[in-house]
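Mind having a look at this structure? Questions to follow.
Lettered A, B and C in written order, each chain numbered from 1.
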């Protein structure tokens, strides 16, 4: 038998720790690596300085008139046109209503996150939508009516995104349940719908809802262009939501179904109380991905004549006083979309982490 | 009677019966309204319009087309253009995605971060925005033909497109194409022979290296043997435009660029996912039984990584197909632009035209999905 | 054939999975308060038989009558039977997104329309009885396997069933947790509950069972009281089975 004396921990030798080691291992470990590092640095030098020059150093921020030389970015254009980018054609006097709707939205999100009880949360969201609609559309309670054709820019993009997400979700749940059911007719109808919507481009569905939908309606009944676009978007996206939720449902072990059956729950009780809560948790990363693509897909409405944020770029750049500033417009709009979509993807990653650690 | 209604199976039938009746009633209602509306607006029905003259021009067409052709030919041009741009973008996006995905896992920190930055940037920008950006900002700001940017002497870039020399279809080109086919067939049999030889003698044969060498040397030799003359048609300035050579229209270039750059990010992530999904223990086990880095890659890692990566990659190919429809925004004459766009505007038969357009995409998607299922089935890792 | 003492009556039960004849001419009567243990090799159909009793599995021929209600496709009858027959699963099947307490009160609140306060009171009583009262606010995945299975037993007790079915309740547990679950089951056996248990735990069978059944290839081969079942097996197949499970 041998007994050993305890050895205290020491610091590592100099060459094998710290930033020198890190650089050696990660940037310069082999000839190939060295070459790659040099290539990477060259790439950065090729892209970043000219862009910084154009967008910040040589750029123009001051004033409100088109008098600057064409060298750097002319952000004055954006400043001047900002209200069009944000509100479209919404009358200036009534814009406070839009801002109020945004503020209430933030409050509702807080309620949703910190509130308790599914019924309370759902009804507060529903009430918010009603209030927001009245605020933005107007026409009653002494508010001026602002028609759908005046809605544009970021306001329209947000409205289409939110409506698209909110309405495609329950429809997607129904189709997912329909696809998993034993009843053959419902299952075939659901599968056909889902596969059809996932095989065709969104633009064809938007064309269909814009041009064909009016033909389906009795004489005299018309829907505004915006409503038709929303119908098309929801019909399309609900198929993708359905597939994401189906993935979640398939991850639930059959034992859960059996236990729910054994304690006597009906089909709808079983689905609403036991299966769907678990399925939705599993499906969240995919669902957030779909919601991000809904936001990106809102840009397609410009093809059917709605003036969302992207359409504003071309519209504002065709002002005869401010010709030729499309680049600035595109850069501005790109920044907004990118920031929003990137933020949503970070949110999704953090959700994934949270649900991975809480329960299996 | 009441007990009958409480039977589970009976309830199932009744429920389905209700759904079908509601569905049929709904269809009936729509049908009645539609036929009434069609009559009212004087829209014709049927597919006779396919034989009518189109009356509009299409610049970028792979087959000959002039305005006196029929709508049927318009449909064909649109369909071909859809397939061409989808195929071109798939090839380019795959190459880009593969490179990016591998770089994303590189040991070099800088390269890893650059690759990640690229991916995070371009997949969070809507693809329509990217298309419009390339078309309106980059390509429109190119100079006019008289002041074209010249590259490598014979390639020209201007606001009418990209012009490259085009080899004519003579003995030289055809021989080279045939020689490439021959090399591939030879390599197939070489591989079989090398595998058999390895089973018997245990000796390895460098098929991949031989293959790369042959693909370079053989077409080269064929070029010289068959007359060393491509008979290039060179693009040259004639008047205000270019004559000769092959012209890639700005719409085509913008759409391909945007689709490649956007979809490349998703393919890169799929590739990365496939490689990362191969458990670390596999690499360690391969190393501990003495396989070289390259052998481990070929025999252990890649086979598993590919199985995982293929479904999402095929999914991205389908997305390229669907996103090609955004050509409408810039006027590239694929099927949505010329058929569901111009033709629909002129003929007015929305139901027939949009249905046919959707059917085209549906058929192509189903074929690709069926291929994917077959592929997955063949490569499935057997389980208990 | 309606003996008022029989709470479960199974007559000429036959079940096929596709072409595979999984239950062959099963005839079984279980008296009120009786404890029946079903043993046999895997694939013998014992789990399938027990799962037929609360209609988790459907059968093509035969009759099952539980507490004077016959099992058919009638939704009302199925519901009535499931309120009276409880099941404890091998893989516990607790609902992971609900607390222990919520797992127990779910059925009483939604199926029996019990007011919440009363449901909670009843739930806490049963949690106490199985020894888990202090874990009521935790989530299933925070508990050990043995604790989860005891919660599952408490969950099935909440609706005061006459019959309790156990489908290999300890087979998924680590050895050191088996006894805590068996203790609860033994305590239940001493109450007035009728129990049908599929289990490999022969010690349990010897201690509390009134009758032990041996099943193989879809048939009940032999049945006897526990002593004679283990000491004096009659059929060759039972002798073989006993030698296999008792040898180690």
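Here is the rule we go by: a contact is a pair of C-beta atoms (placed from the backbone, for glycine too) under 8 Å apart; a residue touches a chain by one contact, two chains touch by 3 or more.
This structure is a prediction, so every number in the text was calculated from the model and none was measured.
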| item | value |
| --- | --- |
| Farthest chain (mean CA position) relative to chain A | C |
| Leader among chain pairs (count of C-beta contacts) | A-B |
| Intercentroid distance (Cα basis), chain C paired with chain B, Å | 57 |
| Where chain A and chain C are represented by their mean Cα positions, the distance between them in whole Å | 49 |
| CA centroid of chain A to CA centroid of chain B, Å | 26 |
| Residues of chain B touching chain A in the complex | 12, 15-16, 19-20, 23, 30, 33-34, 36-38, 40, 106-111, 114, 120-121, 124-129, 132-133, 136-137, 318, 321-326, 328-329, 336, 340, 344, 350-351, 354, 357-358, 361-362, 365-366 |
| Touching residues (chain side chain C, partner chain A) in the complex | 54, 56, 79, 82-83, 86-87, 89, 91-97, 106-107, 110-111, 139-141, 155-156, 159 |
| Chain C-facing residues of chain B, complex | 3, 6-11 |
| Residue ranges of chain C in contact with chain B within the complex | 72-78 |
| Chain B-facing residues of chain A, complex | 22, 25-27, 29, 33, 36-37, 39-41, 43-44, 182-186, 189, 195-196, 198-204, 207-208, 211-212, 214-219, 292, 295-297, 299-300, 302-303, 310, 313-314, 326-327, 330, 333-334, 337-338, 341-342, 345 |
